[in-house]
Amino acid sequence: MSENKGSDFVAAVESRGKSVKGDIGSGLPAGGSDGGAPGGRARGPGAASRFVSSPWFGGTVMVLAILVPFIDSSSYTIRVSTDALIFVMLAVGLNIVVGYCGLLDLGYAAFFAIGAYTSGILSTTFGWPIIATIPAVIAAAVVAGLVIGGPTLRLRSDYLAIVTLGFGEIIRITANNLDFTGGPNGVFGIPDFGDFGLRPDVAIYFVTVVIVGIAVLASARLGRSRLGRAWRFVREDEDAAEAMGIHTYKVKFAAYIGGAIFGGIAGVLFAVHQTAISPMSFTFLWSALILMAVVLGGMGSVPGVVIGAVIISLLPELLRGIGNWRYFAFGVLLIVMMVFRPQGIWPARSAERTSRIERKRAKRARAEVSHDDATS
Amino acid sequence: MTTPLLEVRNLQVRFGGVQAVSGLSFDVYEGDVLSVIGPNGAGKTSAFNAVTGFYRPSAGTVRFEGESIAGRRPARIAARGVARTFQNLRLFGELTVLDNVRAGMHVRIKQSALDAVLHTPRYHRSEQRATDEAHTWLDFVGLRSDRAWEVRNLPYGEQRLVEIARALAREPKMLLLDEPAAGLNYGEKERLLDLLRRISEIGIAVVLIEHDMGLVMEVSHRIVVLNFGKEIAEGTPAEIRTNEKVIEAYLGAEDEEARHEAEEIAEEGRA
Amino acid sequence: MDHLVQLVLNGLFVGSFYALVALGYSMVYGIIKLLNFAHGDIYMLGAFAGFAILTFGGGALGGGSSLLTLVIVMIMAMVLTGSAGLVLERVAYRPLRGSPRLTVLITAVGASFALEYGIALWAGPNPEVYPVQLKSTTVHLLGARITINQLVMMAIAVVLMIGLDLIIAKTRSGRAMRAISQDPKACLYMGINVDRVISYTFFIGSALAGAAGVMAGAYYGKIDFLMGFIIGLKAFTAAVIGGIGNVRGAVLGGVLLGLLESFGTAFLGSEWRDVFAFGFLIAFLTVKPTGLLGEKVTERV
Amino acid sequence: MTNVLEIDSLYVNYGKVEALTDLTISVGQGEIVSLLGNNGAGKSSTLAAVSGVVRPRSGTITAFGDDITTMTPWRIVERGVVHVPEGRRIFSRLTVHENLLIGGYSVKDSSLIDRRIGEVYELLPRLAERRTQAGGTLSGGEQQMLAIGRAMVTGPKLLMLDEPSMGLAPIIVAQVMEAIRTINTGGTAVLLIEQNARSALKVAHRGYVIDSGHVTLEGSSELLRADSRVIDAYLGK
Amino acid sequence: VSGCGGGGLTSGSDKSSDDSAGPIKLGMVAPTSGSSAAIGPYMKNGAKLAIDEINKKGGVDGRKLKLVVEDGACDPKTAAAAASKLVTAKVTMSVGGYCSGATLPTLSIFNKAKIPMLIPAANSNDLVDQKLPNVFLVNGTGTQQAAAAVKQMKKQGVKSVALIDDNTSYSKDITTKTAEDVKSDKSLKVVSKQSVTAGESDYSAAVTAALKNHPDFIYWTGYYQEGGLLIKQFRQAGYNKTIMVADGSVDTKLIDIAGKKNAQGVLATMTQTPQTIPGGDKWVAKYKKQFNSDPGPYSTQSYDAVRIAAKAMTDAKSTQSDKIIDALENIDGFKIFSGPLKFTPQHTLTSGGFEILIVKGTKLVLDS
C-alpha cells in the first residue's frame, strides 16, 4: 500500500495496523471502547462500500426516489413512500445529535411536533402559505433547542436521555392541553404546497423528495466538515476534545440545534402530508422509532441511517398482510436484524480513501525534506 | 530572560481530604524544556490538570503570557496556545489517524457550517490545508503507520506519536507531555528523545512529566521535583542528579541496592 | 391538612409501586447500562403469568383468595419471568454485548413488541380481570385514608430495596456486578464468570418485575398487554433520577416521582401532572447532574 | 511434570492479522521467565491467550498439566493462572479495598482473602493509605500498584505481569521487581513482560525474545544479557 | 405515464372507476393493534355480519359486498396509510373509523379519492367541522351525548359534578361540551375537571383531586379499561354517590374490572344497542353464533354502517361517489339501532339516540 520507503518493517507495521478485532473470544463481554470494529471496517474499502460513500450513491438513491411515482403511482405507495422520506429526514436529523455527537436524545419527536404545530397553526389559523411557515418553524426549533439544550447539555449520557424524554412529553402534553394548538384534536385542514399540475399526493411527494434530498446531502456534508469532526471528537472523548481547544458545550449545542432544525422541517412536511396533526403523532414511541432507525442503520453513517429509516418506516407496512402477527413479527425481525448486523446495517466507516492520502504523501515526499530520519 | 510564558504561583489542588498539590510554584520560559518529576502520587498530573483547566485549583495563580488562566475552561486555555497529552492515551480511537491530528487544528481551520454544506471554495481550501498540515505533523513525529486507519488499531508506540502530533497540530506555544515514554521500548525512547529536541527547536516550550530518568536527564534544561504536592528541588539535570533530597524521595537513598538499580536504569536511556 | 396528608400518602404508594418496578430495572441497568425497554413488558408478563396460574391452576391452589395463594402464585410467576429474563438476555442482549451500547436499544424495543403482541395473540387484546383480588380494610392515618394492602406493599418495596442494596454493596456477587458495570473485560482477569453474573442479575431483575406484575394484578384487578409500557418508562425515569445503577436511588426516584405526580395533580390539575413532574426533574437535574444518589466522581484525565 | 506452563505451537489472529505464529514457550516450576520483544511483537497476545481472554486459532496451552486452551477465563483463574493486563484496568468506581476484594473473587475462603490483602498493604503501604479512595482517582503509579496487589490477592500459582513497571517511579520499580522476586520465592512462577529489559533480565531466570509472533531467541538471563542482538535492540549501549 | 399501481400522476385521484365488475368493496380502518386493539375485531365482525346478510339476499344491485379491513392502530400516520391502502384497493365506500384523532387525517384521503365515509364510531365534532361532503357520522356526537348526560344530571337534581376525561379528543370533547351545557344552568356546577392518562393503573391522585370538592355526581368520558379502575378507586376512596360513564365505557368488562359490587348502579350514556332494545337479543344470538363471542363496543354501529352503505348504493343505483352522497343525504327513516336514520345537514345523526343505561348485576340495562 505504501510505495515509499519499502522497508520490511514499515510493511509489517502497516499490515498490523490494518488489524481489526475479529473473533476475540466468542461470547466474551467487551466494555464500550473495547468493542472493536466489525470485520472489515479497517480493511481497504471494498467496491461496494466505496460506492456507498461516493456521491454516486446519493445520486442513485435520489433518482430512484424520483422514479417511484413512475413505477407505481398508487395512492398507497405514494403515501408510504412519503412517510418513509419524512422519516428519513427525521433519522438524518437525529443522526447529527446521536450518531455524530453521541448525545442520547429520547425526545426528538418534540422538535418534529414543534415544526408540525408551528406550520399547522400559522397556515390554518393565520392563513400563511405553507412555504412561508418554514422560516418561522426554523426559528421556533432553534428557540426550543436553546431553551432545553441550554441548561441540560452539560448532563452526561442517560441523564440527558431522561431530560430529553421529559422534554418530549412536556411538548406533547402541552399541545394536548392548550386551546390554540387545538387540544387533543390538534390542527386539521392544513394546506399543501400547491399541486404544480400534479395529483396532490404526488406533488407532495416530489416536494418531499427535494427537501429531504437536500437535507440528507447537507447532513452528510456537515459530517465531513470541521464541525462534523468536532462532533465526533466530542463523542469519542470530551476531555481530549477540550484539550484541543474545542468548546465541547458549544459543539454539542450546534448538534442539538442542527437536529432541531431538521426535526422542525420534517414536521412541516408531516403536517402537509397528514393534513391533520394531533398530539397522538408525537408520542415517545415516535422518538424511540426514530432513534431505532439511526441505530439500526448505523450510527453516524448517513447512508446507513437512510436505509434504517426506510426499514423502520416501511417494515410495519410490509407486514400488514400477516394481520395480528404484524407487530410480533416486527419485534422479532428487529432482534434478528440487530443480532446479525450488530454495528448497524451500514456502519460508519472512518477510514479515509487511501488513494488520496497516499497521493498527498508521495507529493510531500518529493517536495519536502523529511524530518523523520529516525525511521529509516 | 524576560517574563515567563507560564507562571505558576502557590498552586493548590485538593480533592476532599486529599491535598494533591499544595503550594507549587514554577515558571516556564520560551524555549524551555522543563521536566517535572517526583514519586507516584506526588501531584504531577494534578498540577498539569490544574494548569490546563481540567481541575479547578483550590488556590494559587496560573498565568500564561501574563494573563490569569486559572479556572478557565480547558478549551479556552488550549485556544491560547497550551497543548497537552494525557497519561493514559486519550485518542479518538474510532477515528482515523488523520482525523485525530485534524482535531488539533480545529481552532485554526477557517470554515463555517454553510461553507461545508455548500462546498464553497473556502471549504475545499481549508480542508486541503488541514490535510496537508496533518501530514506535515505526522511526518514530523515520524509516524510510519497508514494514516487512513482507525487509530486504535495502531501499535501502542505509534499511538503515542499520534497523540503528540495531535497536540503539535494545535501549534501551541507550550506543550505539556504526561509520561510520553511509558510503554515504549528502548529504540522508541531514542526516537522520542530526538522528537522532543526537534519540538524544542521549532520554538515550542516543552513541559515533561516522566519517570524515565535517562530521557529526563538527557533532554531537560531544568527539572522541578515534586513530593507530596510541593516542590522539593529545582535545577539543572546535573544538580538534580546529586541532590540528596531528590535521591531520598525519588531514587531511594536508604536502600543502597535500589539506588544502584535506579542509577543503572537512569543510565540505560542515556546510551 | 388531611388533604395534604392524603396527597403524600397517594404519592408514597404510587411511588413505591414505581420503585418496585424500578428496582429490577436499576439492577440490570446498573450492570450493563441497558436501556431495557422490555422491562415493563416483563412486568406485564408477570401479571399474565399470575393470571394464567390463578385461572388454570386455581383449583389446585385451593382456589381461595388467601394471601398464601397469592404468595405462591407470585413465586411461581417470579420464576417464570426470571426465566423469561434469562432467555431474553441470552437471545437478544448477549449477542450484542460487544457492540455499541445503543444497539441493544433496538433489540430491547423489538423484545418489547414481541412480548406485547405475543401476549395479545395468546390472551387476546382485551383486558383481563384478575380472578383473585386483595380485599383490604382501610385505616385512617392523620385523617387520610390508606389500606392495609398499600402499607404492606410499601413495606415490601422497602424490604426489597434494603435486601438488594445489601446484596450489591456487601456480597461477592454484588461486588462483581459493580465491577462488571465498570469494565466487564477486566472482570475476566479476576476470574469472574461474567455471563453468569449478568444472567443472575437479569433473573433477579426480571423476577422482581414479575412480582410487581402479580401485585398489580391482585391490587388493581385489571391487566392488559400494554400495561407495562407506561410503568416501564416511569421505572426508567426513577432509576435514572435516583442515580444510575443505584438501587437505593431507584427507590427514592420512584417515590419522588410518585410524590411529584400526586402534588402535580393537586397543584396544576391532572392534565398538567406529567409536565409538572418532568419539569421538576429537568430543573433538578440541571442543579444536581448526577441524580439523587449518584456520587459525583471527578473523572481523572 | 516440572513445567507449570507449556505453550505449544500457538497461533492467534485478530481478524486477518496474525499476532502469534507458531509460538512455543514454557515456564518451569518456581521460575521467573521474561518475554522481550518490540511493540506489537505479540507479547500481550501471548498472555491473553493463556488467560483465555483471546481464543487461539490453533496450538495448545497446558497449565499444571491440564489443557486450558479452550477453557473460559474464570476456569483458568481458578487454576491459579493470574494475569495482570497492560493498562492496569482498575475498577475506577470501586474503592482500593474493593478492588482488592474483587481480586479475591475466585477465593472461597474469606479469611484467606483478608490475610492476603493484609500482605498487600504491607508490601505496598501507599495502597493502605488510600484504601477508601476510588480506584479511578489514584495517580497512575498508584493504579499500577493496585493492579499488582489485586492479582496477589487471587493467590496465583502462575503470575503473568504485563509491563508492571510502566509509569512507576524508579524507586518503586525497584520495589516492584523486589516484590516479584519475593512472590517467586514463595513458590509462584512468574511470566513477565517488561519494556525495561534491563531490570527484567535481572530478575528473571530465563527469557524469550519474540518477534512477529514467534520466538527468535531464548535462553538464560545471563546468556541473553550477553547476546549482541539483545543488547542492540533492548538494552542499548 | 402510469405504472402498474394504476392511475396517473396528474389525475385528481388514482381511483379508476371500474364500476361494473366484481364485488363492491367496503373499506374499514379499525384498530387491531395498539391500545385500542380490542375494538378492531368487534367492528370487523359487526360489519361482516351485515355483509353476510346482505349478500345472502343477493347483494347490492346484483353485486356482492366485500369487506376490506386495515389496521389503523389508533395512530394518525398508520391510519392514513391504511386509508391509502384502501383507496388503492379501490373500495367504493369506507365504513371504518374508531379513534377520532386517527380518523381525521383519513378524511382528506378518502375525500380526494371521492370515497364516501360512514364513520361508525369516531364521533368528535371536528370530523364534520371541515364540512367535507363525503363524511357521515353514524355515531351520536359528543354534543348530543353531553346533552343526554346533562339531562340525566338535572333529572337527578344534582348540584355539583366532577368531569373526568382521558385527554383524548373524543373524551375531552364530551367533557368540554358537558361543561358548556352545565354552565348555562344555574343550579348545576362543575366542581372538578380532571384528565387522566390512559394505560395507567393508579388514578388515586385524580380521584383525590376530583373528590376534594365533594361532587354528587361523577361523569367519566373515557374508555372502560380506565373506567373500571376509576369506579373501583372512587368507591375505595369512600365515594358512594352516582357515577356515570360515556359510551366508550359501555362494555361488560367495565363491571368486571370495577368489581360487581362497586359497579352496581353506575349509569351510562349510550346510543341504543341490541343488548338494550327489546328484541335485540336475537341479533346478539346471531352474532354469537357466527363469531363465537359476544358483540362488543361498536359492533352494532359497524353493522349499521354497512347497512346504510348498502341502502345508499341501492338507492343511488350506482357506486358513484356523488350519487351515493346524494342518496345518503336523502335517507329518511331507515331503521338502525339508534333509531330511524336521517342525517342533519352537517352529516351527523339527527338524534343521537342516547339513552341512559344502568348497571344491574353483571349487565348494563336500560334505566327505567
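We just call them A, B, C, D and E in the order they show up, numbering each chain from 1.
As a working rule, a residue touches a chain if its C-beta (ideal position, glycine included) is under 8 Å from a C-beta of that chain, and two chains touch if they have at least 3 such contacts.
No experiment lies behind these values; they were computed from the predicted model shown.
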item: Chains touching both subunit A and subunit E, listed by label; value: C
item: Per Cα centroids, the chain farthest from subunit D; value: E
item: Pair joined by more contacting C-beta pairs (A-B or C-E); value: A-B
item: Chain whose average C-alpha position is farthest from subunit B's own; value: E
item: Rounded Å distance, subunit C centre to subunit E centre (Cα mean); value: 36
item: Whole-Å gap between the CA centroids of subunit B and subunit E; value: 73
item: Computed distance of Cα centres, subunit E from subunit D, in Å; value: 74
item: Distance from the mean Cα position of subunit D to that of subunit C, given in whole angstrom; value: 43
item: Contacts with two or more other chains, residues of subunit D listed in rising order; value: 40, 52-53, 73, 137
item: Subunit E, residues touching no fewer than two other chains; value: 32-33, 167, 195
item: Subunit A residues counted as touching two or more neighbouring chains; value: 13, 16, 18-20, 28, 176-177, 239, 243, 324, 326-327
item: Touch list for subunit A against partner subunit E, complex; value: 69-80, 83, 176-177, 183-186, 188-189, 197-202, 274-278, 280-281, 316-317, 320, 323-324, 326-327
item: In the complex, subunit B residues that touch subunit A; value: 52-54, 73-76, 78-79, 83-84, 86, 90-96, 98-99, 102-104, 106-107, 109, 111, 113, 115-117, 119, 123, 126-127, 130-132, 135-136, 139-150, 152-155, 158, 166-167, 170, 190-191, 194-195, 198
item: Residues of subunit C that touch subunit D when the two form their complex; value: 172, 175-176, 178-179, 182-183, 185-194, 295, 297-300
item: Interface residues, subunit A side, partner subunit B - complex; value: 1-2, 9-10, 13-14, 16-20, 33, 37, 41-42, 217-218, 221-222, 224-230, 232-233, 236-237, 239-248, 254, 258, 350-354, 357, 360-361, 364, 368, 370-372, 374-375
item: Complex interface listing, subunit E residues touching subunit A; value: 1-15, 32-33, 70-71, 74-78, 80-82, 84-85, 87-89, 99-102, 104-105, 107-109, 112-113, 124, 126, 129-130, 167-169, 171-173, 195
